[in-house]
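A quick write-up on the structure given underneath.
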Amino acid sequence: MAEKLLEIKNLKTSFRIKDDYFAAVDDVSLNVNKNEVLAIVGESGCGKSALAFSIMGLHTRAKMEGDILYKGENIVGISASKLNKLRGKHMGMIFQDPLTALNPLMIIGDQIGEALLLHNKELSKTQRKEKVINLLNKVGIPRAEYVYEQFPHELSGGMRQRVVIATAIANEPEILIADEPTTALDVTIQSQILDLIKDLKEDMNSGIVLITHDLGVVAEMADRVAVMYAGEIVEIAEVTTLFEEPLHPYTRSLFNSVPNASEEQDRLHVIQGIVPSLQNLPRNGCRFAPRIPWIDGSAHEAHPQLHEIKPGHFVRCTCYKHFHFPEEVRKEEEHHGVS
Amino acid sequence: MWKFSVRRILIMIPQLFVLSLLIFVLAKMMPGDALSGQIDPNIDPERIEELRIEMGWYDPWHEQYASWVGGVMKGDFGMSFRFKMPVTELIGQRIVNSFWLSVATLILTYLIAIPLGITSGRYNDTFRDQLITGYSYVGFATPLFIFALVMLWIFGFQLQWFPTSGSVEPGMQPGTFDYFMSKFYHLLLPALSMALITTFSTILYLRNEIIDTKQKDFILLARSKGASESRVYNQHIFRNSLLPIAAFFGFEITGLIGGSIFIENIFGYPGMGQLLIESISLRDFSVVTATTLLFGVASILGALISDIILSLVDPRIRIK
Amino acid sequence: MSKSLKWLFALMLAMLLVLAACGNDTAGDDDKKDDPKTDQEDPKDDGEKEDGEEPAEDDGLYSIDDFPREKTNEGEAIEGGRLNFGLVSDTVFEGTLNYNFYSGAPDAEVIAWFDESMLYTDGNFTFTNDGPAEFTTEPYETDEYPNGVTFTFTIKDNVNWHDGEPVKAEDWAYSFEVIGHPDYTGVRYGADFSNIVGMDEYNAGEADTISGIEIVDEKTLKITYKESQPSLLTGGVWSYAMPKHIFKDIPVAKMQESDAVRKNPIGMGPFKVKSITPGESVVYEKFEDYWRGEPKLDEVVLKVISPKTVVQALETGEVDMVDEFPSDQFVDNADMSNVEWLGNTDLSYSYIGFKLGNWDAEQKKVVMDPEKKMADVNLRRAMWYAVDNNAVGEKFYNGLRWNATTLIIPPFADYHNADIETPTYNPEEAKKILDDAGYVDVDGDGIREDKDGEELVINFASMSGSDVAEPLAQYYIQSWEAVGLKVELIDGRLLEFNAFYDRVGQNGEDDPNIDIYAGAWGTGTDVNPYGLYGADQMFNFPRYESEKNTELLLAGNSTDAFDVAYRQEVYKEWQELMVEDIPVFPTLYRALLMPVNKRVQNYSLEYGSTMGRHEIAVTQEEPFKH
Amino acid sequence: MEANTTNVEIKTKEVIKSPSGFSVVGRELIKDKLALISLIFLIGITAFVYGTALFLDQDEIVRVDLFSIYEPPGEEFILGTDYGGRDVFGQLIIGTRNSLSIAILVTLMTGIIGILYGLISGYFGGHVDNIMMRILDFFLILPFTMIVIAFVAIVPKYGVWTFSLIMTAFLWMQIARLVRSKALAEKELDYIQAARTLGTTNFKIMFRHLLPNVSSIIIVTMTLNLAANIGLESGLSFLGFGFPESTPSLGTLLSYARNPQTLEYRWWIWVPASLMILLLMLAVNNVGTALRRAVDARQRRG
Amino acid sequence: MGFLKVEDLKVHFPIKGGLFGRTLDYVRAVDGVSFTLEKGKTYGLVGESGSGKSTTGRAIIGLNHVTSGKVYFEDKEITGETKAKSDFRKDIQMIFQDPYSSLNPKKRVIDLVAEPIRNFEKLTRKEERIRVQELLELVGLNPESILKYPHEFSGGQRQRIGIARAIALKPKLIIADEPVSALDVSVQAQVLNFMKEIQDELDLTYLFISHDLGVIKHMCDHIGIMYKGRYVEEGSAKEIFENPQHIYTKRLVAAIPDIDPRKREEMKQFRAEVNTEYEQSYNDYFNEEGLAYGLKPISDTHLVALPEKG
């Protein structure tokens, strides 16, 4: 059975803007199991990256409430040194842009080696180098000995991302957080990197949190999917369930708006309105309601909760029951799509 | 990089050529000559005329320039009229002083600026930071020469901690340890005065760099590796922020040349800046042209050194 | 001591040594002090008559007469000791350390400690037999040179170079051979040398030896001059020897840059050069075999100090004495407790010059031009009346400069005409003169027009450099404006010294726009003003000549003028002529001040003092501090 | 008709919201008390100095008065007199005005030259840029002091304009470089490319598109330069190449401190001018820094 | 005869180096590209980063210097036309990738949209405003927002402003350089839909440059695949997606993640096969420098880069 590695309970991460705090991650509860890929999907500004950063404790000036339990131990608000013992050893992170995620002045070997050094002080220099080279081999970098001495700018984007991954997995962490790991890459590279992550997961038996906006990537990678909108999770389900039976209006809209290489569509679905900014998030009621104005207000809950529709399939707000695409009623609607 | 340096140096030759021409023409346009200062009823004006003719003062300027350039090509900058010695030798004496003054100033500048800049950048917007930036602004606003005079007055005369003129205690044997210490002691106060005033730009620059670097992705990566704050700063942020400072190094030289003119004057320190001003005023033109040319070379080399340093420490540039 | 230098340098305000550029304040007045001679002038009494009620010093006024000229104070001198001597200069010393080659005043100061003249002078700046050499003269009459004179010099036995070699006649003769040599690079060669028989031929390269110079024996030298003149006795004979045994192998053209001049110079003075830090400092040690006896001090350290820091250096005892003290800093420091102030009248004067003609480069003489704006002597006289030099001296200089009366300065006591009547501040008189001369205000704007009723704007050239240069110039302009004359600074600003002398006419190319200028001359030790006012002299900047002027100036330096009474009469007449013709009018005489630490003994500022530097002693190891 | 009125309304509303408007700067200033005080001080001192200077007779102030030399501050002379017996307070006011005028003049001239030069060099790039940068490099190695001294000696009438021109000759490079590098970076952005595809001429692109987008950094730099230029004139005066005393400036007042006696005993001559320079520079700097912050905030795209 | 015809287009960027900054070599960004566009259709140019697809588009409109080759627009050569006011500038417009950087942040909407109009037509202020408002309405923006600044709009809205500007002169051809890559999926849908609409309305021809095969398939009639500055395959959308011939195309198509999670394993296997094939037959499809060969037709519309021998 699934072993809970990470359990997030009612996490609320707020940022200070002017004199107020605004929650970018709002009451999120999740768990990540061993040997599982949990994908978190959403559009920019939905809070998915903020969630990833919260887990890693990388926000320096955010207010965090709620619990993040790593193997049952709360890591919210623990001391920096404790957190540092955790980070890199038990939890690793892969960043979106491999171009900026590597220190331009350090050779590859040292950057990966640093992760080893920090958590395994006994290793001698040569041992460390040996391990780094193993890691480089493991992430599929040819001529690892040579690359060891190279600087980031000498590598291609795909190679750099492999280096970032090697850094993240140096200590075989149980949790790997991948924040849009392939967004900056070409599609052929993307598939290689995705395959690599998958293989590593199998290898290390770890739990992976995959942050992405690309439904194709989700379909390829995820075991379970959480869809986020406006700081909240609006739907969680097993990947097949979600792709076959998306329920929440947002999830459904998202699916309908992606041009798909495998099927012909003349028109794509358009979600009305715009993604609200952090300061303008509707904090009461269904946060998606303003973007589906044709759905009657009464369809929404006053305080939308996640409902477990089927085992493991949660949907927020009751509006899903009443949702339909306007095209189905009136084809012209989207002409309007402007505030 | 080698090619790059050679190319830069080749580019600088025509620049220096134009510079020397400009200086030469300007010098010729200035009223008076090295003999104006010899007006004296007991020196025969005819002797002065004779000397002018010997000096070639009445030759067409382009001929004078040509012969000057010809000399320079052979490494001969002519004779200083005032000092009656070859310019090369004269500058040789002075440049050592200026060189060490500059080195000391640079070292002091960095000794002061780097810790302050780092503190200010790391703890930005704290009280400490405001204190340091406050100092920087005041430093920015204080004219160098007033500050130097005050320093001289307080530390040289009131407290008598430092000597107040010259570059070395009279009578020291060159080459001895005492001589060296005496030289060092003499340049400390001028160097400190100049350094304190010139630090501000470095501090502010470093501060901004650090604040900038702090937000870079690779810092996040370092944190996610489990690096402690101090390690993040020492290993990642400082190294990356100090890089542009290192690059600044060469450009500081140009600034130092300007500053040394004031400082050497106030502290009676016989260096190149003082020599230049005196030589212009006394129309010792061979020295003027040689000195300005040398300053030009120094500025260009400064820029070149900056580029080279940058290419040495920054692997991204190194490869090109 | 007698360092009877021919201090010729134009001290012209300032500048020489001091760089305008470096903005040194004192610049204005540097000049040189020097030698021996008494003067007992009156100058101060102007100071007193000014505001009478209070003693001078209480109202911030000082008089040169209140200063002692010698430092001989009480206390027991200690054996040996080390004296710190400050050379006040904004610039370094050049390091041409030989009397035959140096060109800057700081160098001369450095040389003075280790070398000296073969001939000392007295209070009238006339050669005596007290120095290393004695001399006799006899007429030399030939057809070619009916007025010639032969000097026979005998060098005293115990006079030695620092390296132990005796000073010989050939050493002295050698300095003539070097200066007269066609390859000579210095500035010393001039009329005094071409006056030697055979020098012209030697100088032109036509002769290998100078026929007028004869080495009689090791210690005896004979020099024959074509023309016998009093000036020969006041510095006209070159009195500095060169150690031939050291220089003989160095080509003359290379001597100036040789180590023998720059790095290890030797002389015959009381101290030997021990080490030199180029431009900055020199350490001397005593020369035990000095011919006048072993010096009392063990060591002398000379170092350059900036006029900006001279006061502090004195107060802290960093230096015991300085070669000259910037007089504008005196007032604030008169109470310095650890020094005694010596003072004397400086060998210089400032003046206002009027451009009266042009320089004829062909004929090498002055040509007067009656069309010049300043051609009317009444205008010039009125301008003299219009300025209050006493007030200037008191207010700007606290009495350390005072109204000058004639162009022969008080230190030339025999020749200075103390009784002469010269215009002094009287604006009413000035106005009257102008009215009478036809300079009246035609258009009623308060400014006088010229005699033809045309607008009259007088262009005034004045030199920058000293702190007070600008207000001083402004003050003169205001004073003239007060009598209705419109005077404007040329270019609207002060001129830097190079530009000033270029335009005033150091090359003979006078700027025609300049009508009047403010200048200053260092007179040197020769009273003869011919070099500045002779009709064929380039430095005759007013471009003034008259028959009488020429006649008097020639008479003043003729063989007849060896008769002091005759010469006095001639120069008296000349001084009166100058007050009558007013090609220039003198404005201020200056004080020369020297602070000396209280531990120092036996130092004299007296012109012609026989007190030598070897006698200087200190009463304690450490200097007194303020 | 109706559309028109709406537009007007929109306009007024938008101007306030517009990021390039003064509101951001204003807000930044209000938030930053120090900068606000600095600004008020600057405006106040400028108004006072220029206003008062209208009523002061410069000729009268620089008139030498032998009977009031070195008066300490007192009733007759608020800030005493200098060695020419001239009123220091009056000189301070006129000097501040002169110095400010010069600093502003130099800042503007360097700004204009630097902007033009930098825009052309950066926008056209390639060989044009190459050559222009070599020329700029050449200016950078010119020995400032030497040339200034030479100019002062050669130029007969040395006044505010000549002075400013010389200053400008040595100071335009910084802005030119800055503008160039900004222009180089900015011209790669699509909006410039877009303008080219829309048929906009190079000239228009440079001045209508590039310039406004580098303007904020230019304004900030020029403000900071203004502060530096105030100090610059005093430096030259120290070397003896400032203005004649008949044209008082903060530099001439300050240069009196070259005289050690004045430095030590007659503080009233140079201390007020030093303080004035210090305060002016600090104030301008504070305002400049606040401006920079405002500009940065905008660059984060609000 | 073609609407837009590109013949053997080459864009080389010099690599400077050596002592005197001589040109040592060239980056062959576009190295011999030929294709023809038909009026009213959408032509897709696909490739990975660095393939030269954007450079091609920019070279056509004159933003990049053409090293050699020719571009004909309506049978008129427009290669190297640099005059700002030439006619073709009216007829060919461009939509840029980044709606943030392609709009001058200092300009209001009216100035942005009116810029081309001001360059080519003389209109009164009022006419101009009416025209701009019409355009805004056409792209689905509130015509009253003409005085707003770009930062007040969302990404999709900005891209519409960019489009409004591009169609202001009623162009015939629009070069769309990755018009939706920077946008979120939902916004992307808006823009794509809209582009299709105005294509019909204004009889536009698109040269649609993208790396996203999904988008390309959705939008394009014809597709050209580029690799290292050369074409590897060209054909109708159907041909490319259903019958890719060149090994590179195959690999590209295979790399697209499938939206169906159930096909995951299948896809993985398929990809692995394609990759193996790619590695094995690499030398058959690329020359020694790793560049593609010239195009050979395999049907009327379908061309593939194959070596001479076949």
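Read from first to last, the chains carry the letters A, B, C, D and E; within each, the first residue is number 1.
Please note the rule applied: a residue touches a chain if its C-beta (ideal position, glycine included) is under 8 Å from a C-beta of that chain, and two chains touch if they have at least 3 such contacts.
What you are looking at is a predicted structure, and each value in this text was computed from that prediction instead of being measured.
Peer 1: Just to be sure I understand the contacts, which chains border both chain D and chain C?
Peer 2: Common neighbours, chain C/chain D: B.
Peer 1: If you tally contacts for every chain pair, which pair is highest?
Peer 2: Top of the contact-pair ranking: B-C.
Peer 1: Among all other chains, pick the one whose mean CA position is farthest from the mean CA position of chain E.
Peer 2: C
Peer 1: Going by CA means, which chain is nearest the middle of everything shown?
Peer 2: B
Peer 1: How big is the gap, in whole Å, between where the Cα atoms of chain A centre and where those of chain C centre?
Peer 2: That gives a centre separation of 92 Å.
Peer 1: Report, in whole Å, the distance between the mean C-alpha point of chain A and the mean C-alpha point of chain B.
Peer 2: Computed from C-alpha means, the inter-chain centre distance equals 54 Å.
Peer 1: Report the inter-centroid distance (CA atoms only) between chain A and chain D in whole Å.
Peer 2: Here chain A and chain D have centroids separated by 51 Å.
Peer 1: Please compute the C-alpha centroid of chain D, do the same for chain E, then give the distance between them in whole Å.
Peer 2: One centre to the other, that is 48 Å.
Peer 1: Show the residues in chain C shared as contacts by 2 or more other chains, in ascending order.
Peer 2: 20-22, 308-309, 312, 496, 498-499, in rising order.
Peer 1: Which residues of chain E touch chain D in the complex?
Peer 2: 58, 61-63, 84-86, 89-90, 92-94, 96-98, 100-108, 115-116, 119-120, 133, 144-149, 151-152, 162, 165
Peer 1: Applying the document's contact rule, which stretches of chain D touch chain E when the two form their complex?
Peer 2: Those in contact with chain E are residues 3, 6-7, 10-11, 14, 17-20, 189-191, 193-202, 209, 212-213, 215, 301-302.
Peer 1: Mind pulling up the chain C residues that touch chain D in the complex?
Peer 2: Going by the criterion above, the answer is residues 20-25, 307-309, 311-312, 328-329, 332-333, 391-392, 395-396, 464, 467-468, 470-471, 474-475, 478, 491-494, 496, 498-499.
Peer 1: Touching residues of chain B toward chain D in the complex: what are they?
Peer 2: Interface residues on chain B, with respect to chain D: 11, 15-16, 18-19, 22-23, 26-27, 29-31, 137-138, 140-146, 149, 153, 254, 258, 261-262, 276-277, 280-281, 288, 292, 295-296, 299-300, 303.
Peer 1: Show which residues of chain B lie in contact with chain C when the two form their complex.
Peer 2: Answer in residue numbers: 30-33, 36-48, 51, 79, 82-86, 93, 149, 152-153, 156-157, 160, 164-168, 170-173, 265-266, 268, 270, 274, 277-278, 280-283.
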